[in-house]
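Okay, structure first, notes after.
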Amino acid sequence: MKRQFVKDLKPGALVNDVFWCSRRDIKDRRDGGQFLTFEIRDRTGAMSAIMWDKIEDGITYIAEGSFCHVQGRVSDYQGKLQLTVSAVYPVEPVQVSKADFIPVSRFNPAELMSELRGYIGQIQNPWLQQLLKAFFDDARFAEQFAQAPAAVRVHHAWLGGLLEHTVMMCRLAVQLPGVYPEIDRDLLLTGCILHDIGKVREYTAGQAIEHTDEGKLLGHIVLGYQLVADRIRTIAGFPPELEKQVLHIILAHHGEHEFGAPKTPKFPEAFLVFFLDYLDSRLAIFRSAIEKNPGVRWTEFNDYLETDVYIGEPPDKVQ
Amino acid sequence: MKRQFVKDLKPGALVNDVFWCSRRDIKDRRDGGQFLTFEIRDRTGAMSAIMWDKIEDGITYIAEGSFCHVQGRVSDYQGKLQLTVSAVYPVEPVQVSKADFIPVSRFNPAELMSELRGYIGQIQNPWLQQLLKAFFDDARFAEQFAQAPAAVRVHHAWLGGLLEHTVMMCRLAVQLPGVYPEIDRDLLLTGCILHDIGKVREYTAGQAIEHTDEGKLLGHIVLGYQLVADRIRTIAGFPPELEKQVLHIILAHHGEHEFGAPKTPKFPEAFLVFFLDYLDSRLAIFRSAIEKNPGVRWTEFNDYLETDVYIGEPPDKVQ
Amino acid sequence: MKRQFVKDLKPGALVNDVFWCSRRDIKDRRDGGQFLTFEIRDRTGAMSAIMWDKIEDGITYIAEGSFCHVQGRVSDYQGKLQLTVSAVYPVEPVQVSKADFIPVSRFNPAELMSELRGYIGQIQNPWLQQLLKAFFDDARFAEQFAQAPAAVRVHHAWLGGLLEHTVMMCRLAVQLPGVYPEIDRDLLLTGCILHDIGKVREYTAGQAIEHTDEGKLLGHIVLGYQLVADRIRTIAGFPPELEKQVLHIILAHHGEHEFGAPKTPKFPEAFLVFFLDYLDSRLAIFRSAIEKNPGVRWTEFNDYLETDVYIGEPPDKVQ
Amino acid sequence: MKRQFVKDLKPGALVNDVFWCSRRDIKDRRDGGQFLTFEIRDRTGAMSAIMWDKIEDGITYIAEGSFCHVQGRVSDYQGKLQLTVSAVYPVEPVQVSKADFIPVSRFNPAELMSELRGYIGQIQNPWLQQLLKAFFDDARFAEQFAQAPAAVRVHHAWLGGLLEHTVMMCRLAVQLPGVYPEIDRDLLLTGCILHDIGKVREYTAGQAIEHTDEGKLLGHIVLGYQLVADRIRTIAGFPPELEKQVLHIILAHHGEHEFGAPKTPKFPEAFLVFFLDYLDSRLAIFRSAIEKNPGVRWTEFNDYLETDVYIGEPPDKVQ
Amino acid sequence: MKRQFVKDLKPGALVNDVFWCSRRDIKDRRDGGQFLTFEIRDRTGAMSAIMWDKIEDGITYIAEGSFCHVQGRVSDYQGKLQLTVSAVYPVEPVQVSKADFIPVSRFNPAELMSELRGYIGQIQNPWLQQLLKAFFDDARFAEQFAQAPAAVRVHHAWLGGLLEHTVMMCRLAVQLPGVYPEIDRDLLLTGCILHDIGKVREYTAGQAIEHTDEGKLLGHIVLGYQLVADRIRTIAGFPPELEKQVLHIILAHHGEHEFGAPKTPKFPEAFLVFFLDYLDSRLAIFRSAIEKNPGVRWTEFNDYLETDVYIGEPPDKVQ
Amino acid sequence: MKRQFVKDLKPGALVNDVFWCSRRDIKDRRDGGQFLTFEIRDRTGAMSAIMWDKIEDGITYIAEGSFCHVQGRVSDYQGKLQLTVSAVYPVEPVQVSKADFIPVSRFNPAELMSELRGYIGQIQNPWLQQLLKAFFDDARFAEQFAQAPAAVRVHHAWLGGLLEHTVMMCRLAVQLPGVYPEIDRDLLLTGCILHDIGKVREYTAGQAIEHTDEGKLLGHIVLGYQLVADRIRTIAGFPPELEKQVLHIILAHHGEHEFGAPKTPKFPEAFLVFFLDYLDSRLAIFRSAIEKNPGVRWTEFNDYLETDVYIGEPPDKVQ
């Protein structure tokens, strides 16, 4: 079991654990010999490594990227941490837990999935409930959905990110009809649950979260459209008007053309799905920016928020 | 008591009630005589009027715009309704109810104000509660706030619109900490209640809702900033850090510079006040667009939403 | 057979033919009587009409819009032509030719369809040819395609417009591989032929060219995607890589997100389909702007081109 | 007294003077020992430093950033200058002159302040003169104003920058009424003098020019608004109309919403203050870009001007 | 001599003077006869006219637009002024003064030209002075320059507008080197004088100010470039470096590509010419907006300024 | 003759050939000695070099950038290739072929020029043919044109790039009149041939392709305008209308103001020249992006295309 993670390593630390090693270079030393540089990585981050001796082991075992057991000591080189490696041993992929190397949601996926099934159970419209059950009673789909990340980076870029993001939106969505009685609760909830469903095909999560070819060529909006349109065809008698409403919500959930939406929202429930999607992802970016900057009053500049974030003293401390 | 309202008048209707008359023109008839045209208006809309005979009364009583008792018949002239006026009588301003001539909220202001006081009562942070009470325990301010419109047009452009908009945002705001525990509920609620407070000075509501000079030269964002900064000065010991947080929320609640915000949101609660403000106003525009287009599947093009709105069959009908 | 068309009517002309009549209003005359106004329309344009006498016939036959035989004389009213109507007679829809009332392509559809089948026949890639034949050997689809307009307005907004636009793009496309040998001719031609295929479901052409509900809620890009994806499923063994390429071209043919493309072009053939689509539609707008302004050196300002268009003397006249 | 400044140090130079030292890192040497890297800085720039021996002194005296007396020699490392340090000695803050470490205006602040008081003396409108004197007869405020920078970077980012920028604008402003008699000279001058007054609270200048919390959360536009509004309240009888005009100029002096102006200019004097502010800052950027690139015909690309700047031969040389 | 101008005509006024008549329509009367409508116009504005009797004279004399002596009375028709015409007489073009029909500068052109020659005389650089004299010692050019408008609409859209605009910029320009000693006064003045010189070919001023073909196809920026490049060729030995500087100023004086500048300013004098051009035109738009709205506190919305303009009480009245 | 080119050098390679050496730095070694770093470059790319011994030769021969014969071995330093230099010898410029150091077109310039003359020969309009011959019968101009690059970077940034780009556009242009008979073939071809002609003065190609001063201050659009306007003046009787058309095409060929066009296209041929220019340059960027990324399914992100490019399996492989 892995005990040492990149983000916890401090200068001077002795390292003795498994990492994903890649980007290996062989370089000339001034004295005529050679040395190795490579990168170690796990789900918490990456660090550069340098190896002066016994480089044959490094050349052999890190040839094209692989899991290795690495021993060495952490130093600080030009303001960045660096691992000076003394020894490298091979490790079998079966010996490593993927969860140590790809980030995962901090929530329990079984609990979130159970909560999601609860929302589905509340839906009154029989066609919408049947549609959602067609998806989530399919164990293979449910497993994919529970595992999928919601992004490659930016927000919810971890295993289970899609489920986490979807459930947060449902928690918000169920509050809205109480404030705005004209909102159709069933249609809104269905839209929230299905809006990002195409992400089960947009990403892969092998040794890293990456886009699939169809993710890049077709995109999760259209892939999600197709998944839902295909399921609806399996439900005899599904009302065509309702079908168009559900599919429109998926196509419009990026809100504006410039964000890649082929359609802009044309009715309130479609607008709200766009809105809750935006709210939850923005808050996740704020949360992440603040967590990455402990002990300061202002975070560094955040590219997605286009600002640095104020932390200051928490409001309950400023009394 | 006024019984006939512009929006209910149909071709052929006999009209006999009080209207606000303005835009009077005297025109030549081909036969050498003259005729009058003017406009009648109440809180539900406006209609053009034409008067062929006894125009002396019209010239006398409508000279510069005033309330008149008007008699006539509605016809359809080039696709628009027109009132052919047979007689005009003067009416004293004291005889008319302003509420018949300026639109008002469909909600009971006393109930909304009571609900708002309830939110204030829930606030735990003593400084924020003291600040809010400094405003709403001031009967004159509370009266102004309850009467103020939230806009000249677009959304909540009626007496009581500010209160209505504020309470809707509070209803949404109190749900959020349950979903996002990191949110400071007190700061968020305070931001929602105070964000548009400058509108009590941005608009007047005499015979129409209009901008004041300071509304146009300084704007409700900065006027609201000043109102809050002034109240805070009356509270000895108010924490400076908290003061900056509250004032920032007001300055940032338009979200982006291009919408007139002198600051963009720098922490989650500021972002959420912008967000809830946007959500409630957008939904109000959807609601209004749909109400103005009864009995159709698609509304006409809406300039604020930049789309026509789909009504279709309501989802609960399409089963 | 209809002989008189709106665009040919001049002041003083005596009119005696069938038109589509709508927008009827009944108005009061100053002398106490009433008169009628309505609109006459055919495939060449629209004109307002006014009827002073025997208005009972007008009221009866034009009640909710319908085809009528109209008699009258054309005058010039405030700079616009107006028909003063003396008599109106009912006409049965079966007696009128839809082609007189909805604009049609100036090209022979059979010839264009034959040319299009020629391009399909030239395709070497067996999967792409099979896909195209799956569409165009389906007689019902081929008929829909040949009839469909390419737009509600702007360019190719007539019956047969889609076919005309598609063939023009093919004529351009077959020239490109001679200049750029790296271009895949089969993929480019297939993209041109299928790029706008969703328009067979985006528009209806009853008494006017209008959007369907699914046209407005889902759009021709995604509808076209679905039509092609569905046909591909009927072809056993269709290569998945090729499928993604064809579908990407459809999704990317608007070129940029801001024009409603869910994907931007990711390889040269996708870029070229976007490009040829843009070229042919722009040239059609230039052509239409010039045709509508005979005998002048500069057209009026054109909203789509964002300029007035220079006609001047044709270059072969300026020697 | 400091004699050696970073921008004058050339490769080979022997260094023996006081610098602000920070960003200290301890690194491993290949031979098992350690070395130090840090940064030296003064008002003219920064340079990286490296220390191979006697690093204990460096570790002791540069622990968290402080003034040190540094000895060493300048070399060129990978295209950048680097100081190889042989010895480090502690220095007391009281021994250093802040003016050596934060850039200052090249103008004499007393002269500029005297010129500014001259403009105030010329103002005819008694209320405006009284307002300006309320500020500048307050010795503490005048001192703050004379010290404040006008920016953290870009233009006038030095002690005294605000005063320098303000006086330049006054020199331009007094010329305008001669060209445009409709301009109110007093209002324009007052606007120029007060437009950036909030910058006395937006920045601090300790060991570097930085934003204050209220600078980032509220901004100099609103802080300036408040400073002026507060002073006006101390002047009994100040005309409300004039108050709104002055405050509007401050709120509008960034010209457009996208530059953070809560209001756009609504009368000519407000527009001119925006304009002169923009002119003076642009010219300062041109001047700085040219000064940093001596002896070339074209400067490097300048991010603020979005171009490289042409120097060429000075016009008086090209005859 | 013309005594009655459109902008002074009030309802009820008896009209008896010369106007430019155009846009003539012949319309049917309900009683079987016909009537005429047309437009009267002079340098101060336009008004619609209607003629019930003796229309043969109107038909004869206004056939294609021409100067006519018109008699009638002004009425108010649907909120707009209208002239009811009783008689129309022909007028020879030689009898009318063009200055009555095209707006002219309020300044004395001879005085402005004299002032401009003064600036030229101050120029020290012999090449620049020679270049300017090559233009302004050419009597035919000087006449064209003095007559040219600076625009078709928006600002300085009158005969002499170019000269007026140019001189205003010179008045500003000569002040700048006193504030910014690094500015080359001669180059700046030359740039101001020549920047819009292409407008002598961009517009014609026959019966209205209109674009020429070369104005629309080539534009005053490039036409001005060519005029200056051609003059420089006539000056033996003109320094090539200086030539490029002068020509660059002309090409860059619109400041940004989006305003049609083929080059953005690359040195301070080029930037300042753009800047002074912008300042003078903006102030002219403010002035015009205020003049068109006498007696109000706020003008109507102005499309070029994108705001309504505050007039309020003049500052010298608010004491 | 040069045999070794930068882009072919692999780690471990022994180098012994001529390169352009520049950016020389002298640095201190830890042991008190010094070493050299510099850059070697040829038409295929650049690589950094380091020299530990005999640095006096390097200091002497590379002093300010020059051609040198270099000997050494390639290594991999921190992920980038680096040449460790053992010896440097001087080389005379006359001994080196410029074509080894500046990239050239892959096409045969004589063949392309011959093809271009063929297009000129096809032109029917005598004035346009005379104009083109005036350019291309001028041997010195023809030589310049054949040598000129079309850009400093991005596309066709090599000797002969302008000719190559121009001929590609002609190949496209001659196809268009067959599809759109309303297009004037002669005017379109002339526009294609002349549109970028100003580039013969915008760039120099000494030891690198760089902008000239007039290229940066005036730009190829206006320089091309002037070249054509000057040639036309030498042709007695050239029709003025035709002149304006040709010159407009040059001024408008960037299509939109934001791309630096002083005019937007005002007739179809002008629009098409813009269009073909855009098409050919975009395809060249696609081609270059794909060539630089051999053996991958997706290229790296391309700044000009604003996307990564899909390569995948070629369509003819996916059957």
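Some points to look at:
Letters A, B, C, D, E and F mark the chains as written, and numbering starts fresh at 1 in each.
Everything that follows uses one rule, which is that contacts are C-beta pairs under 8 Å (C-beta built on N, C-alpha and C of every residue); 3 or more make two chains touch, one makes a residue touch a chain.
Just so it is clear, the model here is predicted, and its values are computed rather than measured.
Fewest steps needed to get from subunit A to subunit D, stepping only to touching chains, is 1.
The chains touching subunit D as well as subunit F are A, E.
Of all chains, F has its CA centroid at the greatest distance from the CA centroid of subunit B. Greatest centre-to-centre distance from subunit D is found for C, with centres as Cα means. If you match contact pairs by residue number, over half of those in A-D turn up again in just one of E-F, B-E or A-B, and that pair is B-E. Chain geometry summary: the mean Cα position of subunit A and that of subunit E are 61 Å apart. The centroid of the Cα atoms in subunit B and the matching centroid in subunit C are 43 Å apart. For subunit A, residues that reach two or more other chains under the stated contact definition are 213, 216-217, 241, 245, 248, 266, 308, 310, 312. Pairs of chains in mutual contact: A-B, A-C, A-D, A-F, B-C, B-D, B-E, C-E, C-F, D-E, D-F, E-F. For subunit A in complex with subunit C, the touching residues are 213-214, 216-219, 221-222, 225-226, 229, 241, 244-245, 247-248, 251, 257-263, 266. Per the touch definition, subunit D reaches subunit E in the complex via residues 125-127, 168, 171-172, 175-176, 178-180, 182, 184, 186-187, 239, 241-242, 245, 248, 264-268, 271-272, 275, 279, 282-283, 286-287, 290, 306-316, 318-319. Looking at the complex, you find that subunit D touches subunit A at residues 23, 25-28, 30, 37, 213, 216-217.
Looking at the complex, you find that subunit D touches subunit F at residues 11, 52, 73, 75-79, 84, 297-298, 308, 310, 312.
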